[in-house]
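Only one structure is covered here, and it is reproduced in the block below.
Should a chain be cited, it is by its letter among A, B, C and D, assigned in written order, with residues numbered from 1 in that chain.
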């Protein structure tokens, strides 16, 4: 595994020097001021060893990466009945599109577009106060990452609440079709706070281990979810995790991954590694520009693509 | 590997007895008369051993499964310049939708929807007579399958030519956007004949070995395509291979696969197996109903999902 | 003009006895309980004479018919600069569709679909409290109808506010594109109250006179708007006044008209008559079923279609 | 009527000197070479008097203006059963859009978009050879215009056949839905030839008289169609005659009109005038730029808008 350490540092070095860093998301004001020069990377391998480089300890807004943990939480609550309210297909449209909702009568195409994540928040709310549901999700993520210092960035949460008109539109639109059980402001409250969770690459990679390990918390650890559920969440990440660039990410990187507009990406090499990468500049599809490139380099160097013959001798 | 033989027979038995078989495709007249009671299955494992059951020797119309081989052929001709003319994203719409083409100015979303496959045929035509391009594809498939008896079903090809109005529309529509270099009837001629290739499950599984083996023709054999290209074709099969049910197939089966309306599916477990399954009855998304179910059973029994931790000890 | 009186009574009689009355709008609870057996009709001719029959004095919820008066009010405030924020084309989609807004970046296609009417409400709000804007509109309508008894049905307004999730979605969606200057709840407050204005057929026909009279309040009366503006509002009513059934209404009736889901329709025969008709049962496009039929009969009997050669000797 | 003559000449003079003339249609090669400096205008009033100015005798390709005459011909053949195969609503999309056809299962929204006109051609073909149907339409137009010199421009017809890929796509797409009874190339043959009819403004205005005169061939002449049918064709021209700019044309001009990409427009002031205008430069919606402006001027100067109070004393 010495190789992994070397790869992590080489990739971090290349990215630190890369001239084209993309555009920082501007529609959530506090995110607009993040320094685009930053790059962080952390890999946890299946033996539990952590390899970090660059700004791997710097907390950033995980935004839509939180949808993976919230989905896991919702499946724990209602199991496969979730799929009556949200689909499992790539959307073919941008992350915040409302067109598909009209065509398909208020049923979002998958749990990783905003509309689908709002349904997931609605499930997690489960009749409680928003802060109960948010607290529960935060505790779950802290448990996964083995880190009690993970918090919500209230400045970001407030900014989302003040400017998240498209999300308010999506929630009310689904409410009109009967696919929201709580008052829209309550569900939106859960959603906005979940997006505002701040984590470092190290914390995020640690929190993603259960998806690498077939549902186990850590090597030899407790079972968080069944092996089948872990496989299925990975499948959804691969087909839907990068919005309308999911096909391209699968083509270039070949790993299940979920991106957020804060510039973070969580990628999973099943049985091999959980990878967190962060760089705030985004490409035209809203995914971290250098984060995607870094994962492409890592997949190449390690041979971890899920589409490679296994036992390739390189890992 | 004795297990694989047992699994193949058990699955074939279960499917032979299954009461709900779906609807045979009716829009291509010769396909409408195929007996829905049939079910064939063949698995070639990475050691080259073949396990077959049911109607595994019965030739059927491979239809859109041919798009995998035609794509491989086109990438061999023009390399990554192909991606200037066709995308790599799931479509979010049915296989024969024309809506996306209008929105995206004549560029099909991926090479596995009909419009994208027409662009691939246009590339393969390369200024020759249609029969030259078709002959070349047929020779390529015979070489992959090591079987010179594979032929085109001319009755099916003629029927497609007489009733394929939507495909004629798609070709002319792309022509209007300048994304077809030959006269539409020539490109369509290649496409209709390619869809009419008839293969048995055994032949199809053999022909798919190069995608399991990182691009090698057979265990220890010659290189057909690079390892990277094999990975990428697998990635496209996973995200786009089942039209607007690709997400569900990834969720349930977890393997790259390409289906055809003749009822065949080619699925790849990288490094482990190439699987061909056939049952003519289709589900509402146009994919083989029992074929999909059989692959779900096989993935479960073998643990071959690309989303499982590898080295699970089961294969 | 004796003829008009006879036509009014004959049509009212035919409609009273008509067996198929359509479905009463159910999504706004107080409207769902309106007796579908009712039918009212009132025609004011260019000489100021009123002909009424049936339930012509019964107040009903004018709903989207209010969009005509609100548009007139907004054009008075901001003139043709309104058209920077809303288009003038038929939508090709249902009245509450959000799809078009996404395609056209938050600019509604016309002021008579809900999204466009919300922009108009936003203009009329003009930085004041919602009740100021509503009061102003109500005064304008009372002045047009010469009737101080016209009021807002607060039960209906409250019900709209509680269940109008699609309108809330539309408002927030436009806010996201910067096409709403006030907080969405304020603009929605104006809109919901405007829709809840209750008027009888007599009041509505009287209020519509200015559109028949080239912008004059009443025969020989004061000018409300310019002749050009009156023509243009009539043009918009003809091309966009019946949502996605506007073409059919023009084809069958041939008069500018605006319908509401309360079952009312205001139709204008320029230079000849202002016509208000009401029957609560709707057809599949959300327009009054018997109201439309009654207008078809009236247009036939009077020759008032704007598409007839004038000087037909019948009016 | 001396006024009309003066208006015609003043408008022609203003347009001849106008600096911004739009872009000549380039996708049909022979049309691309037409001199954009030309402008013709001819008005026939209800007394049969003709007023012409500018290049009013110059023949041009009438293109989509032919759809009015072809629709009249088809309604004569099959009456209102035509409406089972084509709608009567504005499309909300460009003239050659195929999106709407997919959503509405092969039924075009109206007879004036290309898909709808293809259905009309299919009706007119009626089992005969294309040249029979074309000959019949040409005879009908010559009869209406009282001019035997009107011919088809074979160069244009051939160019359309060679480059009309979107129309070929539309025809085949409807064929796939069963909404084309003849082989697509036959129906397309009729359509392409009909579009290639060449007429001068004088000929076109004369041919349009029946729509001004409630269905009569000429003042006091024979009945061509019923008064109701004339009204209804006018209604369709108003709501659908300028593609996705029909609402704007109604707003600005206020007359039923049909435009063609050759730069011609036929407009009808019912009971008052038939107006033909021609200038080859188009605006961004594909309608004659100066033609539209000229009609706006004429409608203003004459008070002929169908949305004005009649008896305005000006005509």
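The criterion applied here is as follows: a contact is a pair of C-beta atoms (placed from the backbone, for glycine too) under 8 Å apart; a residue touches a chain by one contact, two chains touch by 3 or more.
Only a predicted model underlies this, so the values are computations on that prediction, with no experimental measurement involved.
Undergrad: Using the touch definition up top, find the fewest steps from chain B to chain C.
TA: Counted as steps through touching chains, the separation is 2.
Undergrad: Can you tell me which chain lies farthest from chain B, using the average of the Cα atoms as each chain's centre?
TA: C
Undergrad: Please tell me the distance, in whole Å, between the geometric centres of chain B and chain D computed from their C-alpha atoms.
TA: Inter-chain centre distance comes to 48 Å.
Undergrad: Please compute the C-alpha centroid of chain A, do the same for chain D, then give the distance between them in whole Å.
TA: About 55 Å separates the centre of chain A from that of chain D.
Undergrad: Taking each chain's centre as its mean C-alpha position, how far apart are chain C and chain D in Å?
TA: 31
Undergrad: Which chain A residues touch at least two other chains?
TA: none
Undergrad: Taking the top-of-page definition of touch, could you list the pairs of chains it picks out?
TA: A-B, A-C, B-D, C-D
Undergrad: Would you tell me which residues of chain D are touching chain C in their complex?
TA: 46, 87-93, 100, 109-110, 212-214, 227, 230-232, 234-236, 238-240, 244-248, 250-251, 254, 256, 270-272, 305-312
Undergrad: Which stretch or stretches of chain B touch chain D in the complex?
TA: 97-99, 101-103, 165-166, 168-173, 175-176, 184
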